[in-house]
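These notes open a run of structures that come right after.
Below, subunit A partners subunit B and then partners subunit C, in two separate complexes.
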Partner chain A sequence: MRISTKGRLATTTALATIGLIAGMIWWANQEVEDASGRRRQTTELTRGLTELRLVTFEYMLHRHERPRQQEREVTERLARLIDASPFSGAGQREVLDHLREHSAAAHRLFEELAATPGADGANTADAESTRRFEAQLSSRLLILQQESLADAFRLTDFSAERINAAQQRVVIVILAGLALIALTTGGAAWLINRKVLAPIKRLEEATREVAAGNWNYKLDLAGDDEIADMSRNFDAMTHSLRTSFAQIERSNQELAALNQEIEAFSYSVSHDLRGPLRSMDGFSLALLEDYGDKLDDEAKDSLQRIRAASQRMGRLIDELLGLSRVTRAELKLKPVNLSEIAREIADTLAQQQPPRAVQWQIEEGLMVHADKALLQIAMQNLLENAWKFTGKVDEPVIRVGATERDGKQEYFVADNGVGFDMVYADRLFGAFQRLHHESEFPGTGIGLAIVQRVIRRHEGTIRVEAKPGLGAAFFFQLREQSHG
Partner chain B sequence: MGNTNNTNRVILLVEDNPDDATLTLRAFKRSHVANPIVVARDGIEALDFLFARGAHADRADAPLPTLVILDLKLPKLDGLGVLKALREDRRTRLLPVVILTSSKEEQDLIAGYSLGANSYVRKPVDFAEFVEAVKALGIYWLMMNQGPPDGSTS
Partner chain C sequence: MQNPQARAGAVAAITVMIVVAVALAYASGSGMFTKPAAPIEKLGIALATTPDAALLHIAAAKGYFAEEGLAVTLTLVSHGKVALDLLARGQADLASAADAPFVISVLKGERLGIAATVVNVPNEMAIVARRDRGIAAPHDLLGKRIGVTLGTNGEYFLWAFLIRHKLAPDSVTLVDMPPGRMAQELASGTIDAVSTWEPIRSKAHAALADNARTFTGADAYTATQVVVGRSEFLKARPGAVERLMRALLKAEAFNRSQPQQALEIVADRLKLEPKGLLESGWKDFQLKVDLRQSQLVTLEDQARWAMARGYADQGPVPNFLLHLHLDALLAVLPERVTVVH
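Coming up: the complex of A and B.
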């Protein structure tokens, strides 16, 4: 059974019990009110009977017409009271019949007494017998009246009994109702503890286990209620977590294997690919040196071309290895002074080619969060490019600085060199892509690919703005350092 | 102990690629290095020569080479293995060893120096540069450098 169903059941039971108790109280109130009404009536009856007795005594003493009149009135009133009495039980009816009979009999006796001539007659014997008759009538009348009073008291007792019974019944019903409510509440508490709190405690333990990394933890709560549903969902969740994690683990292993292969490949390239080039260059030079006098200019030129090609191939291999190193290198992020790096590279370039007068404008204090070695490689390539492509302008200027773009810090390396048409901009960052002829500006075309890879490894972006004849500017953003 | 003594001492070149061996010998010749040069074609042969074993058993009393020029990628036993064996043997633990190889992979540099190489030189593709490098090596190791005393190596 669902917990919600059980809850509804418990609530309904409690409400029904409370309703029952309220009904019983109302009923008992009615009953008491009813019984009180009867008691009032029987009190009235008792009062009437007492009055009748007094009137009877008065008449017996004085034989006036007024008490006689009163007796008639009271008797009539009593008869009406008895007829209107709401008592309906068999015993009570019997008492009422009794009362009615006695009342009628008493009235008849009273009338008989009234019809008796006064004792003040001539005849003493007659007077004696009349007096005796009168006394007899009187005592019979008084006995009857006494009995009627007793009957009236019995009726009062009936009412009192009825009130007591009603009160008793109410007490029993209230006690039973309270017991039922206590039982329902206790049952609900037990149910909540067993079916809700205990499973929630287990669930809490399970979440703690899973949070600690134990994804094999199984709840396995049986049942068909909401908690059991939740337990099944929880188990399904840990299962899918487990599966995803295993998949990630597998992918990671594959990636690691792949990395290892690339590593081995690079190692092999590094060792073996340059050997044959050395032979080509070395033996060409040997030919030129040893047999130069026997070769014509064309043969010498051919040998020089072989040498140049070998050396170029050697440079290409080196730069490819550099590119692959940038990809494989482990990132060691820390605060790096970009201005300092730029300044050092600028100084080195100036030293290498002293005749060139380049105006360097390097903004001071540019701090970035980056891998210093990789950033150095990137800046080296960018500044060498700027240096190279300003080689044919009159007043070369190379600028390094920072601006803000879309709320993010953006660093730039800009020159006023030959520039290029932006149509080719998207080809710029591919390996071996060149926008100028090698005879014009030497290079392998890998530099910007390396720069882009360095920036990407820092989860940054790079873009270029250029115009033919006016220069080029490279802008790059690095991922903002995350605090905490 | 002077240059005259050094010029008689053998240089051991451990190189498996015959082209590279020829070119290195040519470079030495062009740099006017007078020392006899012995070429070992793999790591085992190099150790046999140095420890006077196998085919080189007759060298038992011969002095050690003045310099070992060691390639890293070699058949049977690679250059790092040779270097390790040299540094573990008390006779050769101070012998000057220059690694001359194609690669400048970080792992090779670290391993080479960790195992006790005295120098690490990369073979350039440009033969003119190669001759320059070999010349510099010859000047430094055969003329300028004061090697370890004989007693300490034997």
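Coming up: the complex of A and C.
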């Protein structure tokens, strides 16, 4: 059964239980109120009978009209009370019938007594008869009224019994309701624990296991509720992740092997090419030196060109080897003072070309967590580029600093040199890509490729902003050091 | 306890236990658990073969005496006065009789007590008269010969009936005879009327057929049957008397719930046809175990009658409260005792 269905069922059961208990309490309360009403009426009846007894005695003592009139009134009131009585049980009806009969008989006897002339004026025999008659009537009246009172008390007892029974029912209903609620609560707690909380605990264990890297953990919960569905989905997810990771692992291994092969190939190619180049340059130089006097100018020029081309190719190979080393070198991360590196490179460049008056603005205290040797290579390339492309500016300025972008620290190397059109920006970091002719600004076109590779090895990013004639600025971020 | 589910379960279990404990305490307090049985007690009861002793007959027939741990020996007699004689001679522990002979016994010095009233019948007593003797109204009884069993409530009823109709009690001639002879004597014409109870009254009426004229007097006297014992006995054997009260109350409840079966039981034990018993006013028999304050008034009236009739010397009316044994009924069903005490 679904948890949602169970929830609805539990809610319905709880509401039905509460409704049932409320209904039973209402019913029992009605019983109490009904019984109380009956008791009030029997109290009225008892009061009427007591009053009747009082006025009967008063009449017997003084034979006045006033108590006789009161006796009639009370008798009529009693008759109305008896007729309006709500008692319906067989025993109660029997008592009411007695009351009705006794009340009528008592009134009849009272009227006979009132109609009997006194014995004073009669002869002795008649006087004795009358005296006995009156005595008998009085006794019968007493008996009837006493029995009526006893009957009224019986009705009071019936009412009290009914109230007691109703109160007992209220107690039983409340006890039964409490037991029902306790059982329902216990049952619900047991069910929730067994069907919901225990599976959720297993699910939580499973997520912990998977978070710890145990991709083979399997939940395998049986059932047809939401948690069982979730368990099946969880198992499917871990299965899918296992497959994906295996694929990624295989691809990584293949890529690493391929990279290694490419690196080895490019290294051997670069290294092996240097021999023939050195021969070409060496033999050209030997020709110039040994047979220079026998060669005309055109031949000499050709040999010079061969030498220049060989040397340029040698530099290209050196750059390629450098790029390869950047890729293969092992990272040794530690705190590195970027400002200090920039300052040292600037000093070196200034010494190489003392006539150039470049204004250096290097922010102090720039600290990064990086491989110092690789970072030096990257900064060397960036600062040499800036130095080179400000060569034709009247007041060259090169800045090194840091700024914040999207909440992350970003470092920059900026200049006010020739700049370039941002349309060509995506070509900028490719090997041997150049935006200016070599005759204008010499270079191999591999420097920025090396910079990008260094930054990537630090799991960072690099971007550029430039405008023709206004300069260029290179911004880079490095992966922030984990504090854990 | 760390686990909230376990804690919730424990709370629920404790609640259930409390509820069950309260329910058990409630049940035990309401008398749902019965007490162990007490030893059987023997009782000898003398009672009349009249419908007035119906509750005793029903209790015997339904085995209620045995259920209450009583081994009862019933001695059947013709009428209550004879039962009281057996009690006086020590041949019975208890007797069932009308109130009039009980009053005479008390006036004669018997130390008796009423344990309970077992019936009230407003119209049981009657005077059955011969029409052919010119008897059509109560005053026609003047100067007539009326058969009664002296010292019984038959005689007392005649007295009360005459007074009710303002007639002098000594204006008629009483002829003493046992109840069994009344119908025959009336039919033969040796007497003009009889004053008696059921089933003699019905037999007398049947014997005269159309010639019968029956007078009742609910306003004059309500026939009452009482269970009487010697005062010493009632005090000495309270347990036995209480069991007797319980058995009689069971018989009363049976009559209320199964009136037809109760009628058949009584008719069988009195050797009457159920139809005949019904015709004799069975429905007016209020079979009920009680002790009422109003009864004291009747007992005192009967005492005055008994002294006037010479069954005892003239003197003050006895204190009948001393002759009502309230303890047993108070112990069993106190609301049935309305005597001021």
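Please note the rule applied: the second predicted complex is superposed on the first by the 253 of 484 C-alpha atoms of A that agree within 3 Å, B and C clash if a C-alpha of one lies under 4 Å from a C-alpha of the other, contacts with A are read in each partner's own complex, and residues count from 1 in each chain.
Quick note on the criterion: a contact is a pair of C-beta atoms (placed from the backbone, for glycine too) under 8 Å apart; a residue touches a chain by one contact, two chains touch by 3 or more.
Because the structure is predicted, anything quoted here is derived from the model rather than measured.
**Q** Go through the superposed model and pick first if A:314 touches only subunit B, second if only subunit C, both, or neither.
**A** In the superposition, A:314 touches subunit B alone.
**Q** Is A:267 touching the first partner subunit B, the second partner subunit C, both, or neither of them?
**A** It touches subunit B, and subunit C stays clear.
**Q** Does subunit B (first) or subunit C (second) touch A:275, or do both, or does neither?
**A** A:275 sits against subunit B, while subunit C stays out of touch.
**Q** One more residue to check, A:157. First (subunit B), second (subunit C), both or neither?
**A** It touches subunit C, and subunit B stays clear.
**Q** Using the superposition on chain A described above, determine whether A:143 touches subunit B (first), subunit C (second), both, or neither.
**A** Touch partner of A:143: subunit C, not subunit B.
**Q** A:175 contacts which: subunit B (first), subunit C (second), both, neither?
**A** Second partner only, subunit C.
**Q** In the superposed arrangement, which partner chain does A:286 touch: subunit B (first), subunit C (second), both, or neither?
**A** So A:286 only meets subunit B here.
**Q** More subunit A residues touched by subunit B or by subunit C?
**A** Of the two chains, more subunit A residues are contacted by C.
**Q** Check whether A:255 is in contact with subunit B, with subunit C, with both or with neither, and answer first, second, both or neither.
**A** It touches nothing on subunit B or subunit C.
**Q** List the residues on subunit C that touch subunit A in their complex, please.
**A** 5, 8-9, 12-13, 15-16, 19-20, 22-23, 26, 30, 160, 163-164, 166-168, 218-220, 222, 256, 292-294, 297-298, 300-301, 335, 338
**Q** Show me the residue ranges of subunit A that touch subunit B in the complex, using the header's touch definition.
**A** Against subunit B, the touching part of subunit A is residues 266-267, 270-272, 274-279, 281-286, 307, 310-311, 313-314, 325.
**Q** Going by the contact rule at the top, pick out the subunit A residues touching subunit C in the complex.
**A** Listed in rising order, the residues are 90-91, 105, 108-109, 125, 128-130, 132-133, 135-136, 139-140, 142-144, 146-147, 150, 153-154, 157, 168, 171-172, 175, 178-179, 181-183, 185-186, 189-190, 192-193, 197.
**Q** Enumerate the contact residues on subunit B facing subunit A in the complex.
**A** Within the complex, subunit B touches subunit A at residues 17, 19-20, 23, 26, 72-73, 101-107, 123-128, 130.
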